[in-house]
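Please go over the structures that come below.
Both complexes shown next keep chain A, but they swap its partner, so chain B is in the first and chain C is in the second.
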Partner chain A sequence: MRSRNMRRLAVAGALSASLVLAACGGGDDEGGEGGSAGGTSPGEGRAECEHLTEFGDLTGRSVHVYTTIVAPEDAPHKESYKLFTECTGAEVEYEGSKEMEAQILVRAQSGNLPDVAYIPQPGLLQTLVTQTETVVEPPASVEENVDEFFGEDWKSYGSVDDTFYAAPLGANVKSFVWYSPKMFADNGWQIPQTWDELMTLSDTIAATGIKPWCVGIESGEATGWPATDWLEDVMLRTAGPDAYDQWITHEIPFNDPAVEEALDAVGAIMKNDEYVNGGIGDVNSIATKAFQEAGLPILDGQCAMHRQASFYSANWPEGTTIAEDGDVFAFYLPGSGEEKPVLGGGEFVAAFNDKPETQAFQTYLSTDTWANEKVKLHPQGGWVSANKGLDINNIASPIDKLSAQILQDPEAVFRFDASDLMPAEVGSNSFWSEMVAWVTGQDTKTTLDNIEESWPSS
Partner chain B sequence: MTTLDTDISDARTISKIEKASESSRKNLTSKGASVAAVVIAVLWTVPTAGLLISSFRPEADIKTTGWWRIFVDPSFTLDNYRAVLSGSSQYNLSEYLINSAIITIPAVIIPISVATMAAYAFAWMQFPLKNFLFILVFALQIVPIQVTMIPLLSLYVDLGLAGGDAPGGGFYTIWLSHAMFALPLAIYLLHNFMSEIPGELIESARVDGAGHVQIFTRLILPLMTPAIAAFAILQFLWVWNDLLVALVFGGGSPDVSPLTVQLAALSGTRGQDWHLLAAGAFVSLIVPLIVFLALQRFFVRGLLAGSVKG
Partner chain C sequence: MSAGEKILQALIVIALFFAVVAVILVLTSRLRSRVGEYIQSTAFLLPTLILIGVGLLYPAISTIRLSFRNNFDKLWVGFDNYQTIFTDSDQLRVLFNTALWVIITPIVATLIGLIYAVLVDRARFEKFAKALIFLPMAISLVGASLIWKFVYDDNVGLVNAATEAIGLGRHHLLINGPWNNLLLIVIMIWVQAGFAMTVLAAAIKAIPTDIVEAARLDGVGGLKMFRFITVPSIRPTLIVVLTTITITTLKAFDVVRTVTGGNFDTSVLAYEFYVQSFRSNNAGLGAALAVLIFVLVLPVVIYNVRQMRKVAAR
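This part shows the complex of A and B:
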């Protein structure tokens, strides 16, 4: 009996000792005014490290990053952190998973969190902030950078209830129409500057016997999303950004006349037998054609225009030249001609603790230094940021240059993909499925009424 | 085994069983049945064959036409396999193949060693609340894996087993979780096989002076080999193909990720590299295929063990 008690005591002693140690460890990490670790930063005196020296010497520490970005796009990311390691001494552990959006919530609830996560949707940021209360506000240096380098619209997408949480990282532009410059030049077609010109051009092309548009919205369980992008893009043009914002927050119902007008404008293209579906089939083939392949008939001259985001450049087969004088290129989906609304997406950097290395990393990612460093690692293109400090001359690919120009245009009004901001019941469910039903024959009113009905009450 | 079984069974039931098996054999070897079997086999194999053919087609072909075009316009390449396997590529599945093996082998051995001992205790030892405990274990099977995830992960985090600084690089959580999820079924199955071993055998061993350890190692384990092998195959396939447990408990960290996690990421952030999936799938498929073919003999015997006496 006695020996067993002794053993218990020993175990209890060991346990409490380790608890005390753990507590000390925690205190150590969180300590320090302004998040500095003390010591002299390895990057002291280097111009490109000026934002990071205030965090002190972080050698031996590491920052764990959790993202949705997987191979092969993760390689330039990892490469771009080298400067951070040189400046601060801290290493970056990169973890990419396509299931991150679901996993981050599981990990937030069970406490197994990374230091930093790249959140691809403002809606997910909101859930993490309000429901799990795990997101930590960034240091003042990040907010200063965001005020300096990003537009007000971008900052608001990284904020929840007017509190700023996450700085924007990468961006993509969805308001693009892909076309073949050669085909346009051969036929004497001009790039349309307004919506009316776009429709006139469609008629001109249709008259030659070529179906002007090719569309595909099949995407596995997310089938329908390319059609939601169409509606969002057109809605921004017919109803304007303010109505668009009200539409997202449900201040105007989903079946509002403004939305109906926009969807009818989409239907004038997507449900027009004269216009679709170039090189693929009839209107019904839109629902079954994989979005990755839907633009490829342009290469064979069977289709003239394909509305899809800048990231579609990765879907062209190897050997395709993407340039203003190449095989394919894109033009900005025109609006009324006065305003320049831009539909797009992007990632935001959320942090889950305030350790100095985490804060240093957040600061690094919000600088123009990082944006320029990163874009230089894309000789083939494929990455762009809304960071105004991004030097257009550093961008290698023409399509990314065009994206950056659009994003940096002071006239441009940026709006985030609406389906990513709406409640999940709509944004990643009924909006998708009803758009599929609409393409395959359901009328506009029923479609919008059905989505409105699925909007969660409260 | 045969002599023992005939002792128990009565001659009349044997002849009945023989008659039944005779008639079923006749039904199964008829022409119609053979044709049906061939048709089913072909239908079942077509998708896999298509996948195999796809994995050898060039990227542009995969992305534009279906695999059956191979008969009209044959062109083959090993590029896809080179892309997913070579050490210089960004995918490098061979590294994850090793991770998969490191995860799978302990995740099969742990539950089987615990379950055989537990099954022996439930089948041949007397202790208070035995039946109640057995029902409890049996009932655990109905707990869906999904509801346990967040509580279990919180527990791991509290114990310091999960996260960046976890011991063993984070493998413990995956091994433990797989073992936990496998145990209820393993104990139940092995208990049922074990309790069909005739009691006289155990008793005579005990009369000869054998203790529980000796009975277990010298008598039960050799008799249980087919059942254990059968369960090992099941568990191996389950763990090898598992994505969910590895994602949630492994934290998705590349150092501890099995093949399935990398396979899920193979198509690229926006699905632009999906032409590699067929080759990746075959890389992941080949190991379980070898294991299954090698142990197939046991599998059939294990499934039959205890089902029909004769």
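This part shows the complex of A and C:
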């Protein structure tokens, strides 16, 4: 590893040296990190550009970024790159595609890669690093920023075999239960602080004739993923974060008794006719209800609770107030009460070359400057980051505020969505489909055995 | 590189291609000997051969090669991928479903098309009736699948509304196998019956009237006419229709992806190929499935081409 780094350093040094010569001098004597394009950065002297001036004048160059984020969510992204262009002179070419996760591997194998890609799954990052060997390590400035602004857990999800590759970008919190504050207040229900209280509350609600939970896991060909999130969230609470990590890396088998216990705990809610499926139908209706619509019965008072990530806020109809005193809000899915595990997801910025403009862009995205710049572009909410430099006061919506608070809470133990970390054969195939089979009647043991069997042997 | 530059590049490449071909043709046209004729015909064939090679042979060979490799094209695994297809319980289910599709869809679609064609032949509202059944052909398979997904829906679906109205209650139609497979097959039949009807109706119209009249004079009518005159006369067309629908069905992907996403035991070969290649990142197994589809389609295609030649020769 050392020798590879040395070589890269030498190449970068030679590259920057020649560029500096071409630009007739300039004060880049360090010649080391990342490689500057030489010249005077357009952002020289501006406080918000301080991270970027070291890359020199990048005018006329462009960075091609490839992401899963498409219209309309891509607009604030593009908008947030303006400062980057002002600071460095480089333009950003944005390409969003819903097929990106499959396409990036095809493009890696055929050598047709963008400069930068936003990878939504650490498992995919791992595949790109180990199988295609196309991901290039970021410059030291990115790692310094990540050490400063992100927790150790987030950094580890952007690393493969202890080598840091990709800085975290956006984040979401999945450990949320959506509810109607008014419905809770009218009935005198309290927000549960422990798992036991949650189950007691479910019984209380069921006794009033309302089905307490509503669930829907239909999502086209990705049908089943909301159920995998359920299992992961509960597993973090019943088995703990350490067992959870071992489960992901297959140190304990997928059908370990700890997982069985967690799935049975999920089943106590999801397969309980008394508890589901509020406003939708019976247990089987979970499998065919689109996840986007599954929480909506809360608005009609036909369902009391819906476990879904922070991004579900985009699915409430227009005119719904999402606030602690509004129509709907979310509470943290409680655990034992002692620990505070948080399940979530996010994207990571992987680069496929070490051109100065690529490295400058990576650096920009890893700063607190960008995170605050980006969040200000969301006056309606809908975006947070795990960046600790993100000022909570810049966040407009209450649910995003709550998410950011949880992400920045030193007590909280963050864990990434397990299915995004497992091999694709499991994480985006058998785990989904077997959970669908489980919901529609297959027993817990068979389900977990089947997934274990599909785990790739190598 | 901007889009404009790319288009320019493409245009230059195409222009170059034509220029080279033109030069070769001009040069060979000057040759007058027998050998010259061979060179000339080779020159004419060359562009086609190159395109077939680049667009068909190369991908086919690399797919076959890939089917003997592991998931990231790193190791030779022999027949492991094929063994998986024929031993893994999920894959066996896929094979079973595909068999169900391939047996039911062509036969039922052709049968419906044939009966319909005979019934509306020379009827007063023939054109309108034909347009009705031909309409689904104009809808893309994804569009048709979306329509039927609503028909089968738990809450707003037509089928559930009907069963409830006649006292049979509501059902989760798409969940319970193996019937859910049949419900998906109905979608394909709905689309393909129009194709069968159109082609068969044209064939029926082409039956010489003297045969029909002779039969009628001999006292043949109704079902017997259908059995002994109509069907034998259009037999080659019938086979072409059957085989064409069989090929379409073997490649069916859109219906499964749109309606169930392969869940509830409804996956078929073409969809499984996509899932393994692009979702499971298991390119080896995906390639093996693609090769299997190819091997299954190939004899049908050959048979189909032969039958078409027979129809054309008539």
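Descriptive notes on the structure:
In this text, the second predicted complex is superposed on the first by the 424 of 458 C-alpha atoms of A that agree within 3 Å, B and C clash if a C-alpha of one lies under 4 Å from a C-alpha of the other, contacts with A are read in each partner's own complex, and residues count from 1 in each chain.
What we mean here is this: contacts are C-beta pairs under 8 Å (C-beta built on N, C-alpha and C of every residue); 3 or more make two chains touch, one makes a residue touch a chain.
The shown structure was predicted, so the numbers you read here are calculated from the model rather than taken from an experiment.
Annotation: superposed three-chain arrangement on chain A; chain B versus chain C shows a clash.
In the superposition on chain A, contact of A:E293 is made with chain B only, not with chain C. By the document's definition of touching, of the two partners only chain B reaches A:N315; chain C does not. In the superposed model, A:E425 makes contact with chain C only, not with chain B. In the superposed pair of complexes, A:P379 makes contact with neither chain B nor chain C. In the overlay built on the shared chain, the residue A:S97 is in contact with chain B alone; chain C does not reach it.
In the superposition on chain A, A:P72 makes contact with chain B only, while chain C stays out of contact range.
When the two structures are aligned on the shared chain, A:G188 is found in touch with neither chain B nor chain C.
By the touch criterion defined above, A:E221 reaches chain C but does not reach chain B. Comparing which residues of chain A touch chain B with which touch chain C, the overlap comprises 106, 109. Chain A contributes residues 102, 105-106, 109, 127, 131-132, 220-224, 280-281, 284-285, 287-289, 423-425, 428-429, 433, 436-437, 440, 456, 458 to its touches with chain C in the complex. Taken in their complex, chain A has these residues touching chain B: 62, 64, 66, 68-75, 93, 95-100, 103, 106-107, 109-112, 219, 292-293, 296, 311, 314-315, 317-318. Per the touch definition, chain B reaches chain A in the complex via residues 59-60, 63-64, 90-91, 149-151, 153-154, 156-158, 162-164, 247-248, 251-254, 261, 264-266, 268-274.
By the touch criterion given at the top, residues 70-74, 153-155, 172, 174-175, 257-258, 260-264, 275, 278-282 of chain C touch chain A in their complex.
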